[in-house]
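Worksheet: the structure to be examined is printed underneath.
Every chain is named by a letter (A, B, C and D) in the order it is written, and numbering of its residues begins at 1.
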Amino acid sequence: MIVIVKPEASAAQLEQLLNRIRELGLTPMVSQGAERTVVGLIGDERLVGDGVLESLPAVEQVMPILKPYKLVSREFKKTDSIVEVRGIPFGGPEIQVIAGPCSVETAEQMRQAAAAVRAAGCRLMRGGAFKPRTSPYTFQGVGDEGLDFFREAADAYDLPIVTELMDVRKIDVFLEKRVDVIQIGTRNMQNFDLLKEVGRLNVPVILKRGMSATIKEWLMAAEYIAAHGNHRIIFAERGIRTFETQYRNVLDVTAIPVLKKETHLPVIVDPSHAGGKAALVAPLAKAAIAAGADGLLIESHPCPEEAWCDADQALSPEQLTQLMGELRRVAEAVGRTL
Amino acid sequence: MIVIVKPEASAAQLEQLLNRIRELGLTPMVSQGAERTVVGLIGDERLVGDGVLESLPAVEQVMPILKPYKLVSREFKKTDSIVEVRGIPFGGPEIQVIAGPCSVETAEQMRQAAAAVRAAGCRLMRGGAFKPRTSPYTFQGVGDEGLDFFREAADAYDLPIVTELMDVRKIDVFLEKRVDVIQIGTRNMQNFDLLKEVGRLNVPVILKRGMSATIKEWLMAAEYIAAHGNHRIIFAERGIRTFETQYRNVLDVTAIPVLKKETHLPVIVDPSHAGGKAALVAPLAKAAIAAGADGLLIESHPCPEEAWCDADQALSPEQLTQLMGELRRVAEAVGRTL
Amino acid sequence: MIVIVKPEASAAQLEQLLNRIRELGLTPMVSQGAERTVVGLIGDERLVGDGVLESLPAVEQVMPILKPYKLVSREFKKTDSIVEVRGIPFGGPEIQVIAGPCSVETAEQMRQAAAAVRAAGCRLMRGGAFKPRTSPYTFQGVGDEGLDFFREAADAYDLPIVTELMDVRKIDVFLEKRVDVIQIGTRNMQNFDLLKEVGRLNVPVILKRGMSATIKEWLMAAEYIAAHGNHRIIFAERGIRTFETQYRNVLDVTAIPVLKKETHLPVIVDPSHAGGKAALVAPLAKAAIAAGADGLLIESHPCPEEAWCDADQALSPEQLTQLMGELRRVAEAVGRTL
Amino acid sequence: MIVIVKPEASAAQLEQLLNRIRELGLTPMVSQGAERTVVGLIGDERLVGDGVLESLPAVEQVMPILKPYKLVSREFKKTDSIVEVRGIPFGGPEIQVIAGPCSVETAEQMRQAAAAVRAAGCRLMRGGAFKPRTSPYTFQGVGDEGLDFFREAADAYDLPIVTELMDVRKIDVFLEKRVDVIQIGTRNMQNFDLLKEVGRLNVPVILKRGMSATIKEWLMAAEYIAAHGNHRIIFAERGIRTFETQYRNVLDVTAIPVLKKETHLPVIVDPSHAGGKAALVAPLAKAAIAAGADGLLIESHPCPEEAWCDADQALSPEQLTQLMGELRRVAEAVGRTL
């Protein structure tokens, strides 16, 4: 950590700063520059709380040198981590596609959905029994029973299931239904109590990026999970909020190579929520793979026009099958398989 | 709701659209324009799910006419709602200032803080026993015991207490400790399970705006609370996330008059988290009152430099007292009291 | 255009609205809904100025139905337009890569740069003689003489040249030096006088997206050029400004398929300015092609570490050659050539 | 400037970095920390071009210590600068309100507008003869003749005039018509050739903030003007672009105290363009003054409903007069006059 001293700071104020640094257990090293005095802190800068040094009168600016995340960082572990879901590897040369409906509706819909997901060649299935909806007046998900529909349909086609957890009180049900991958949604990326709880489980977690979360905040959210013991974390970029409103979100493809450099954990992309339109799924999915993503989360539905939510962004079984073919070619072009 | 039809849509596709509208329980009214055909929907457009019509091949664009929120809307209730906290009114001519530390630290710190809050003329006190922190390695709050320190200190000075709830499992403790106002923080604005639960309580709620929440999403989050029975809601603007990084957030003063027009509920402002620096609190607090805010949430600490979190944004007792004097003059200039 | 009438509007206010619509040369059609009265406008809604109807007391909201752009729209011309630069087609199945240094430095540097661009298999060359720099104290470009260095070096390798125009007073020099493609930079996307002047030329134009320009504003900027007679326009996405500051900009890949749907004109991508780091150029360039871009603008330099500006984002000759090979595979995977 | 060295950098790479720093005319000072090596640069860090050090293999991160602006900085000149316009001071205790129509329409309209501006107690007048419009098909301004209408009307009421310059080729006409204050609009904040030219004039300049310009970029744009000799610069905050679309822009009131700290130059606010609605002008104008603004730019029109542009945001003469009374009270509450 480096502290820039105000040019007008008095000797007493500088002394107060140096004492405070020592109190925190670090060693200050003063460098007198032409226009500014700079103090370097020797020791573990993570001991310094937010704003503590900034509150002193001598301080113009505080610059951290170390990254605030540790367990999830590439520095901590140099090689790529593979997160396995019932033998299916995320983070290796093989790209994984998780497909399925936005929400679980009926047992029959889930059976048809699972059949289509398997037929298209996807290896995992997604679907939500509990739905975070902007309006209290719209469909909120089928609930516990939905997990049964999902489990049964997926088992028939031997597909591990991925589903979103929003409430700590539902963890027992999730364990009982043997949910294979727990998804933490964009609105809960900084629901720290939820992160701590999934950190205590031995279940892989897909951590979606918050709507306006920085890369650093996202890595810190994963660090919460890892710090509580669960290192099986998969990052999922799903588009960020910007000034542009012609499409739902802006898919941040730059986040893919940047994350792959900052962390050893796998990174997947959700092109369906990013674009918010079925017609945008194919170009965004291809871009994600070309940029180095380890997998995709895609919404598909046996009959998109009849879907109970997000009807305009789900792919039909035919569209999903066609897309898988196209993605395979892009994957091979960047030296991977699908 | 109005649907713009694609210029290239076939007669069969248009027919499919009209049938779907009728299935949803609404009546379509077709207008043939020079360049576009437009279909108006007569009936309750809230019956139409997101994306349902957009998924049809005939549809170019769907435009809602009605606002998606109801109970919290100015249309539903024309006159200003007063939310009373132990007799202290939010939303009337009197402006309320809630002050206190970022986090509860010790019994002694809370006593000193309460004394200073009362001496400065503020009528309520804030403080967090559970802290949402970006890093798992920083101070996470004192926990349940902190509520005791808070309750005791505030009672000694007859100050109602405002504190943040992050976890549904803590509601019982909050009720037991007689928390006067529950704060829902920015990271939980769309934690829908939490919103539903506080919606079932008979305790006033301060609902902070999500970091990148639109006015509409914020009103919908309040609608969740209201729809579950609790109408005692106070909106708190606390700065939004933008491209500017020289200060922590951008205080959105425009939100104040816009909310006052859209909803009958009170609107307060948190200038401390908005600016993130003690020096910015006074100008932002004055701006908020000048723009029509009904109250303020201000961080203060008996000794800011010693604060366990956000040390650089808390006001000292002297600064708080001076600010209250300055705010009183601005309040009077806009025809209010403080 | 559709006008939503306030529920509380009086009959006289509604009448005033209808009269104003007729004065503007359009025909109003009133529909009485359950909760709102809606007025449709029959005729050319482009006749209605911004804010004219909004200023009337009866009006709650005005919703345009037509797109404000015409000549550049896909509706105006259904088939893809090919913009040819000395026989090299933009917008067809072949993807074009334009490479070269950020700024023209010396005759020798440009000769080496041109040799490397040609050797790598790129078909056009970029370079700036006039540089838009944030600081008045940094290198502002070599100026007129730089165009000579550029012209000469590019001619030796038969490469058409692309260079940025910032000042209307430089158009004569650009014509004299036979600049093949004029680039309008991100800071000038809404420099309307400049757009009008290049609209009067018969030279292809690359129009970069403004740092926070919406798709609609970008299309309107192109419409300025087209409306003055020049239809040879190429859009260049170069990253947008968001809350994320870990990388320079966020490359908006979604803009590619959206633009290809909205306009018949070609769309290229600048991965160098988007990411701002040499290491990000390859993944972003691949993503752009996978998403459907018609070309790329890439910074390269004979010796990046010695570059006079943006030294950390230019590719070396070896990196450029290697990237071209990788891009060729991605291009083929999406059915195109490079 | 401080350079963080990569933990994996070799001794040779570190040596290369130190040599490069010496070549640039600075002295490197190496500090070996527990987890990182840090190199401080002694000398004028402004000599180091963007990206030069970042391009070296040893470098993890480069952190500037000095601010890149100089002449406009508070460090350069500690006391507030007063910019006088024909004897009217900007930047002192008196707050200045500049009012008038969005665009010059006719001689008669300008006469009525000037009478209303003077009657309301405003001391300067605004109006545009050349209008930057998003669409090439909407009214582009009356042109040169408009400046005559404006000059004549303003002279009759002894009001200095403020008008926007978009094109360097119009400077002679502006000088000939004796424009009192030249406004640089939001879309031209980084039109560097225009900034250089107004930097060579002896006419006060109002520099509007770019739609998504950071405080630092805005200060650097002013530095361009100052570096070319013209120090009579007034900053004008006019709202920034964010994710929120319910109002035109988000007025950034935080920018006011931050700028007042960073620069010695005056800061005014344009509440009309910020909110984009007449009803928002009063609350935003009051907030601006409460936050410390030195003046306001307000749109007013003799008959807003008939205005040729931005009809929904102009105040009527009565509204302007009433607002001036309200603003006077707020100004006095913060110790200023109006």
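In this text, a residue touches a chain if its C-beta (ideal position, glycine included) is under 8 Å from a C-beta of that chain, and two chains touch if they have at least 3 such contacts.
Given the structure is predicted, the values throughout are model-derived calculations rather than measurements.
Trainee: Tell me which has more C-beta contacts between its two chains, B-C or C-D.
Mentor: More C-beta contacts join the chains of C-D.
Trainee: Could you work out which chain's C-alpha centre is the most distant one from the centre of chain D?
Mentor: A
Trainee: Just give me the whole-number Å value for how far the CA centre of chain A lies from that of chain C.
Mentor: Spacing between the chain centres: roughly 31 Å.
Trainee: Between chain B and chain C, what is the gap in Å from one C-alpha centre to the other?
Mentor: Chain B and chain C have C-alpha centres separated by 39 Å.
Trainee: Measure off the straight-line distance from the CA centroid of chain C to the CA centroid of chain D, and report it in whole Å.
Mentor: So the centre of chain C lies 26 Å away from the centre of chain D.
Trainee: Which chain A residues touch at least two other chains?
Mentor: 212, 241-243, 245
Trainee: Which residues of chain B touch chain D in the complex?
Mentor: The touching residues are 212, 214-216, 239-240, 242-247, 250-258, 261, 274-275, 279-280, 283-284, 286-292, 326, 329-330, 332-334.
Trainee: Which chain D residues qualify as touching chain A in the complex?
Mentor: 2, 4, 7, 29, 31, 33-36, 38, 40, 42-44, 63, 65-66, 75, 212, 241-243, 245
Trainee: Residue numbers of chain D touching chain C in their complex, please.
Mentor: Residues 46, 49-52, 54-56, 68, 132-140, 166-169, 187-188, 190-193, 196, 211-212, 217, 220, 223-224, 227-228, 241, 277-278, 304-305, 307-313.
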